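Residue numbering begins at 1 within each chain, and the chains themselves are lettered A, B and C in the order written.
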Amino acid sequence: MTNSPVTNDGLADEETPFIRNAWYVACFSRDVVQGTPFMRRILGEDVVLYRKADGTIVAMKDRCPHRSFPLSSSKIDGDDIVCGYHGIRFGFDGVCKLVPTQASAPRALNVRTFVVRETSPVVWIWMGDTETAHRTELPAAPWMLDDFGWATAYDYLRVNASYVFLHENLVDLSHLTFLHANTFGTPDYATAPFETEITDETIVVRRTVQPTRLPPIYANPLGMQNVDAARIVTSTFVTPGLSISAVVLRNLEQPVESRVDHHIRTAQLVTPCDQRTVHYHFVVARDFVIGDPGVSNFILQSVKAAFVEDVFALESITRIRRDDPDIHFKEKSIASDRAGVMLRRRLLALAGQEAS
Amino acid sequence: MTNSPVTNDGLADEETPFIRNAWYVACFSRDVVQGTPFMRRILGEDVVLYRKADGTIVAMKDRCPHRSFPLSSSKIDGDDIVCGYHGIRFGFDGVCKLVPTQASAPRALNVRTFVVRETSPVVWIWMGDTETAHRTELPAAPWMLDDFGWATAYDYLRVNASYVFLHENLVDLSHLTFLHANTFGTPDYATAPFETEITDETIVVRRTVQPTRLPPIYANPLGMQNVDAARIVTSTFVTPGLSISAVVLRNLEQPVESRVDHHIRTAQLVTPCDQRTVHYHFVVARDFVIGDPGVSNFILQSVKAAFVEDVFALESITRIRRDDPDIHFKEKSIASDRAGVMLRRRLLALAGQEAS
Amino acid sequence: MTNSPVTNDGLADEETPFIRNAWYVACFSRDVVQGTPFMRRILGEDVVLYRKADGTIVAMKDRCPHRSFPLSSSKIDGDDIVCGYHGIRFGFDGVCKLVPTQASAPRALNVRTFVVRETSPVVWIWMGDTETAHRTELPAAPWMLDDFGWATAYDYLRVNASYVFLHENLVDLSHLTFLHANTFGTPDYATAPFETEITDETIVVRRTVQPTRLPPIYANPLGMQNVDAARIVTSTFVTPGLSISAVVLRNLEQPVESRVDHHIRTAQLVTPCDQRTVHYHFVVARDFVIGDPGVSNFILQSVKAAFVEDVFALESITRIRRDDPDIHFKEKSIASDRAGVMLRRRLLALAGQEAS
């Protein structure tokens, strides 16, 4: 019933297997409260996360090996988790420590664990090979962390679409003029000059819009309404779990020598839930009007309103692709899709490497 | 999981492919408001309809060829439609006129269009071959049109059942006594004499019930409560998109020479949404008490109440056929099913012709 | 998509075919009101039950042989049922007696009937071979009947899980300490000594917990709060449609010679609706404080609260088994699963016998 229009063209789509060897954001730090297990489905697997007595987070498969009861509906006892059905007890390393009705605790009952790293406000998880996890750095986006010194705000959306298409949506922002006409798009955005830069590591699209007028999300906090401004946006695909949008804003009506660059960046943390659902965490960080929580909230709500428009687009598209009886329908790409097409090709290649 | 009880008997059912070369009612004229795209799924395909600047209606596939965004969530600009995702612009003929991020508008991005005819209060669409559309007349039911001079009223129901079974339900009305006992059925209806007439064009069942008492839907507007009356009902399968119920009502207590025939007809406009869903438009027209909108409303509500009983029956049957694990169950036909069986045989034959 | 973790191990699971030759509770007596058909899906088949004029209950397939209309949406007329679509009339033996539009009533239109026995407060049905039904006794649990003299109370839950796993849950109650910690479990329950007794007829687990403290469900009606007590629980798998929990309660602080055994038993009436849904009827009967309806209600609500915990467990497990992409996952059994494993082996064997 599912019509994947582009599989044959060597591009990733919703049928592409997940890429397990990558860091994904499992949840926000605030989601995992001491004493309470937290469940999240990641790359198709249910994972339970909880904090040990010392506050560090552990993650394991959310399925008791005995009769498949969800450990996330179980009890935390010190560093252990105790299954809510028959009381089988597991250590934070997943090792079975006790079966109440018998003397021995068989190793066959051990639970699989996952590597976790917390860099507040986010918790990262590695769903693939443990060895590889230990020698792979977290993706670098220090400005989104609590201790960097920028003002941050963050939130979460659940998207009923493939993570592939969310990445494609994020790397080319020419849709701002249309899909986001009422939020952060401006009429001149789609036709502004842009350059695409593709390396072995990243895929980057940079758009320079100037002179332009800033949308309220930027103009209001900066007091730059009705001012000729420059807006330089760099969209970077970093890893399957992270895309960054970095914006530079500049007042062109000020004398050149006194101009200041203002920065606002969004970490778009893309975690596949399953093939057609995404956990979409995002952290917005800025280096201006840092001390004003009202501004943080205004910016966060503005970003979220725009992201809800993306969700609408991606979910509509997903429905249409799924329901069209024309199995020969093939989507056509245009010149501005170059970065998105490269990105999908890369995701397919990464998935292929893991499979082999 | 689906058990088609009669496929082997040469009768159409919910598995039968659609008949594309036929006129179907897409929607009512009032559904397509200037400036706003209107979406309807027809024969399994999403179609967007909108009015050009001159008021005429156009229809095209509701899927942008670029990234599958729904054109029905897009903007109408004069005679054009502009995709709400990346701003790609299409003329009313489906031709791509502009891609904002590049100089050329590739023909590969053209959208498929459908032939449309508006005869208010309904909008017809042809989902099949365009040539054939142009040489095929709309089905003749002039009395349902705004400009015919009869009083009309119309409404819509969505039915979660195959259109095949709605047609079968409409051609034989012996169920009025039972399914519609509380609406327009009377106890003598099922046992009244009837004749079936089958031609290459149509399938007709005519039932003459006399003397009888009229149900409130007819008796009240005509002031014929508790009066010996004649009720002659002609059910006609006209095309896969149209079945007509034509009723003649006559007061038998009046002298023969002064008797007047009153007419009330229902255009039952049957448009498959998908294999198991129907858009059921209906227009009720009469030649009596023409100027009274209260009567129009009373009759429309009465008809709708009865049609809701049909919907209940068809949806229940659909569920039962789908869920019965007995895959050998075969429905048995009775004598009064002759017209319905012929109709289902014809639908199967028409579908077969198109496939070959 | 469904991962049956244990099929290969010779244990029944949700894929195992139903066992038709057994007595199942179709509904409570109070569910079948004179004059009104009552529908229940049993072993995957829709069944309509109704009372004849003399009050006895009949059951037949809930599908008119003509056009599959639900007889449960039809009219009862004396001992007959009259299809609500075209008025076809059937006797209580399923024989077609009248087709309104024709002179004859073809035998081909007969409806299949099922053997029914009413022993108030429950109605039993036999979905298999009629001959075998007539020579098979109802399972013996006389204490649950209206006329036995014990106080009874009963209720119903619908469980979205296989009946196999409900039986497994019921035969081994070591989970009381954990899943039912807030209802009828106590900390010492899981570690109390137990014996398993397996015969050709039944599978029995008996647990003796003493000295123990009784949970409120027993302690309150008996005035045995904070008293050293004995609690002896016998769980018996009787048939695929019945599991019995029989509890003996004893005050150990009374002199040995004046101790009285109090009895409370639950008939757990397990009727598969379909492969992954169960009609769970239960009747709780006791021989103490018999005349107090407040006590009956308190005990019934307490039992139901605990059973809702079982429903949560079974539905969670069902979801997890279904959604885990790891198709190689195999549940591991522990020593206390012996009775449950035997039970599942027996259910698989019974299903296999019927299939051959």
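Methods note: contacts are C-beta pairs under 8 Å (C-beta built on N, C-alpha and C of every residue); 3 or more make two chains touch, one makes a residue touch a chain.
Note that this is a predicted model, so its numbers are computed, not measured.
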* Copies chain A, chain C: same or different interface, half of numbers shared as the threshold? -> different
* Asked: Roughly how big is the turn, in degrees to the nearest 5, that lines up chain B with chain C by CA atoms?
  -> 120
* Distance between the centres, which are taken as Cα means, of chain C and chain A, whole angstrom -> 47
* **Shared interface positions of chain A, touching two or more other chains** => none
* Asked: Can you name the residues of chain A that touch chain B in the complex?
  -> 5, 174-175, 177-179, 190-191, 312-313, 316-317, 320-321, 323-326, 329, 331-336
* Asked: Which of the residues in chain C end up touching chain B in this complex?
  -> 41, 44-46, 62-63, 65-70, 73, 82-88, 99-102, 106, 108-109
